[in-house]
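What follows are several structures.
Next, two complexes with subunit A in common: one pairs it with subunit B, the other with subunit C.
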Partner chain A sequence: MDGNKKAFYFLFIPVALWLFILIILPHIDLFLSSFKPNSGEDVYTLENYSAFFADPIYWRTFINTASYAIGVTLLAFVVSFPIAFYLVKVISPKVSGFLMLLLLIPLWIGELVTIYGWVILLGEQGVINESLKFLGLIDHSLPLIYNNLSMTIGLLYMSMLFMIIPIMTTMESLDDAMIEAASDLGASKWTVFRRIVIPHAMPGIINGSIIVFMLVIGDYVAPNILGGKSSLWFTEQIYNQFLSTFNWNQGAAFGFLLLIISSATIWMALRLSGQKLDKVGD
Partner chain B sequence: MIRSLPNSPLYKYGFRVYVTLFFIFLLMPLIAVSVLAFNDTSAITLPWKGFTLDWFFADTTERLGLFADEDLLRSIWISLQTAFMMATLSTIVGTIASLLFESFTFRFKNLLYFFAIAPLVIPGVILGISILLGSTFVGAWLDTHLGIDLEIFGPGFWLVVLGQFSFGATYAMLLVSARLKKFDPELEEAALSLKATRLESMWYITIPFLKPAILGAFVVTFLMSFANFNTTIFLVGSDPTLPVDLYSRIKFSSTPVLNAVSFMIVLMITIVAIISTFMKRKNR
Partner chain C sequence: MDHILELRGISKYFGDFVASKDVNMLVEEGEFISVLGPSGCGKTTLLRMIAGFMEESEGDILIKGKSMKGVSPEKRPVNIVFQSLALFPMMNVYENVVFGLKRKKIGKEEARELALDMLHRVGLDGFEKKKISELSGGQKQRVAIARSLVMKPSILLLDEPLSALDRKLREHMKVELKELQKEIGTTFIYITHDQSEALVMSDRVAVMNKGLIEQLDTPHNLYNHPKTAFVAGFVGDNNRFEVASREGEKVVTKRGWKVTKPDLDFDPTVMYIRPEAFIVNPEGEVADSEIFEAEINTVLFDGANTKILVKPEGRDEILIALPQNARFQALKEGDTVRVAVAYDNIKCYKE
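The block that comes next holds the complex of A and B.
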């Protein structure tokens, strides 16, 4: 074996093992398990999927989660885009570096701690309610927590940074001269955003949207801790099947459906924007 | 509009107000938990009852501080061990993967690369349940066909490490690849023409060039592991990691000790973030 081949196999084998054992094989198993009955009999059946369609709570939750995830993705874009633009194009690079640091801190602190922070802020005797009472603005606590509003705040909070960062990356390559030229030629701000900035940042917007959508649709902590009893979230169904009722095969079917919807949405986003999956990680 | 153009006051101040509000939104939960970690009360939130360090050091039946809470310390220790193993594995395999994909062409390369980046878009819960199902299947198969009963295939420390590594390697690979793209291949060719083998030239020339990115990948995957909940919850055995422990405490038994742990995490991450920002500036 020549040196080149030896080097190739030396690198190829660990990578192949990683992908085969931990990515490919488990997903095949997920797929097969979803067609097995929970009784343990060695037959293939559609009963896990028919259970999904027979019980409205399941498919309603599924649709609710998917539409919510799309909504939060749009919201994250609206909230994040001005921030990304401001950090890259408006303020001095020095201040921007400091603000970037502040942006990254919540990202690395992790979801559990930040969502817990929101529990403290939004709770019935939380910081916001107590402060408003102290200021004499309200007499009784506002219902800020355990509803769809608090859940949305949590989902937005934990995902929006994954929108800001890819948009900032694409915005950095936008030449200021383009904006100056358009502005000199009499374009309004709105026109500049619509015709120059947004089209240029499109790859970043798509990447960010894909990541945000995936994080939101697959999230459990924010809906479970901040959401109310009526906030139906599909991952909670998966958790219940695996960790409470121990019907793993039913859970596998739910998991597979979640994988299908998230892959299909991502595929559609890539298709519509003409991007490749390779670029998502950049 | 941008730095170099004159702006109307409305645009300038409007933008500034929005950005300020955004950063208040961003930092408010972190500041709240940090300040309330020192609140002299058993409630996790306001009103403020005075300053205390009880939630760090007290060891009484009413108040169990962070450094006296053995369960909590244990879950922190497990999280640190998990994160260390996961980051080490992820960084090694991620670096190997980036060398493989950047410097070799082979059959099914695109397909393999597709699987390597798939964890970016697979929700963590799916990775968790698939790996749980896969390992249970393999464990059961070995048990019935070969009579081998290996604990490693059941939920527990190593399964958590492997589960987190399945996506950690992807992130490590992307971080290392970003630097590898800037590598001048002539350096390696020079080594090869001087009779180094391909592996030697990678080890002595390419890897040293990649060192900052490899270190960065280690830190990033370490933090990812330390914060991970979605994948971990399915693979964890009887010893919870910190996020799993925090979750059950938030759900069932909140005391300000949670604020104390959160404060410590906020502090640690802030320090790491500051250091890494300075390192990046130095590397430029």
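The block that comes next holds the complex of A and C.
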């Protein structure tokens, strides 16, 4: 065995162990337990999975969560695309580097803290309500928090960056002359975006959408803290199974259902939009 | 009759930097005009102002007699072939060519016919469905030109469209482009830093230096009667001699060569003589010429372009072109030759 190979194994084995012990093993364990009944009998059954379809509260919550996640993903695209375009094509690289840094700050702070930041902003005695009252514009606090709107803001806020960055990356390779050529050929600004800029940025958009969708559908913090009573998120169902009902097997089954159904959703969306998964990595 | 294009005192400043300076130009319909100049002299800047991607700091651009002030690029009757071509890789060849037509209010069938006809003209029959990435350099070139020409612009602007091609293909495309222009009759404004491209293809050439047009003339006049030292040095091969002083009818170079140049009414600082202006071993009497003898330093054999270097003792080195004639085949290093150059071919300038 030569030195190169030794070095390879030396580096590879810890990584493989890490992956196996901390990620693959627990998943296998969870996967197996998702087929065990809550009674503790040592048999394998599908009852945890059928429970999802039997009780409307579960699958309705799931459909609700998934549609919401799709909506937030679309919204994230609509908000992020102009930002990415602006950062890459409109302003000088120096300024855009600085603005990028500002965009990254929420990421360093962590989701929990930034979401509480929104509580401080939107709360009944929050910054916005108090300011408006101080200015005499309102008498009573506006219901800004604990509803779908505040939850959407929170979800958007924590996931947007993951849409902006992939789009920026693909946008950087867009030759400015291509935009000029299109407008030289008589294309309006809107046509330039629709026919040139968006198709060019498509791999980035798909990439960003997958990440945002996954982040949003699997998020727990924003729906829990900023959402209202009615905005029940599927992750909260899983949480309840584990920590309220102590039905770990049921929770595991829900976890895997979330993984499988959301992956299937992405796969279907890719098929419908005619994109190929291998192109997404470009 | 209005000119198809008129530039009236166009200047462009980037801060303190002058990219174009008082550019004036009158272009006739159907002309092939080249803008020739070294890298960074402001050629692209001028073109972008005509296309409308950049606004001139001073002056006015008129197309068919209409001022283009405040007219956006998509509304101007000009189209541009970019230095980088800027084809749309997300579309196939046909979609690229029909892109502009779709923006116009014409029928789908008509647009299709026009696009296919243009592809036929540039020799790309059967390429409609090909992806841009599947094309060779020359084919991409043709798609870019077809995409612009199909719009029937009043003026087609081309920004060094051949610079990305290899030498062989460039020579070929040069001829093809000229023929296409003749056939279609569109006015071409062609930017290049390659003087051979400019001379071969154009009806007139504007030689540009540091944002200034030094001379706008036919290739013939540019070559034979350059108006400034820059043009003399930039267009074609030339011998340059630094001039020290003038003594009556004689010009004295810094190296001490005294050359007769009658009828000068100013004190020149440089003198240019083309390599082919020298006559080697002239037979019989030559009138109105400077005549000298020199030893051959080097023979630079290059087939039809064979040249010799002579260096008369203590004086400037001179590059001389040899005519393709059996008489000169035997010349070799160390031979002494008699050389004559007509006074008319000695060009003096004050820089």
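Here are some notes:
Basically, the second predicted complex is superposed on the first by the 253 of 282 C-alpha atoms of A that agree within 3 Å, B and C clash if a C-alpha of one lies under 4 Å from a C-alpha of the other, contacts with A are read in each partner's own complex, and residues count from 1 in each chain.
Everything that follows uses one rule, which is that contacts are C-beta pairs under 8 Å (C-beta built on N, C-alpha and C of every residue); 3 or more make two chains touch, one makes a residue touch a chain.
Note that the structure is predicted; figures quoted are calculated from it, not measured.
Model built by superposing both complexes on subunit A: subunit B and subunit C fit together without a clash.
Seen from the CA centre of subunit A, subunit B and subunit C lie at an angle of 90° in the overlaid model, rounded to the nearest 10. In the superposition on chain A, contact is made by A:191 with subunit C only, not with subunit B.
With both structures placed on the common chain, the touch criterion links A:199 to subunit C but leaves subunit B unconnected. Judged by the number of subunit A residues each one touches, B leads among subunit B and subunit C.
In the superposed model, A:151 lies in contact with neither subunit B nor subunit C.
Shared-chain residue A:180: touches subunit B and subunit C both. Contacts of A:79 after superposition: subunit B is touched, whereas subunit C is not reached.
Superposing the two structures on chain A brings subunit B to within 5 Å of subunit C, judged by their nearest Cα atoms.
In the superposition on chain A, subunit A positions 180, 183 are in contact with subunit B in one complex as well as with subunit C in the other.
The touching residues of subunit A, counted against subunit B in their complex, run 3-4, 6-8, 10-12, 14-16, 18-19, 21-27, 29-30, 33, 79, 82-83, 86, 89-92, 97, 99-106, 108-121, 123, 125-127, 130-131, 157, 176, 179-180, 183, 189, 192, 210-211, 214-215, 217-221, 224-225, 235, 238-239, 242-243, 248, 251-252, 255, 258-259, 262-263, 266, 277-278, 280-282.
Within the complex, the subunit B residues that touch subunit A are 1-5, 11, 15, 18-19, 22-23, 25-30, 32-33, 36, 43-47, 92-93, 96-97, 99-100, 104, 106, 112-127, 129-135, 137, 162-163, 165-166, 169-170, 174, 178, 197-199, 202, 223, 226-230, 233-234, 243, 246-247, 250-251, 254, 258-259, 261-262, 265-266, 269-270, 272-274, 277. Subunit C makes touch with subunit A in their complex at residues 51, 53, 72-74, 79-80, 82-90, 99-100, 103-104, 147-148, 151.
Contact residues of subunit A toward subunit C in the complex are 175, 177-178, 180-188, 191, 195-196, 199-200.
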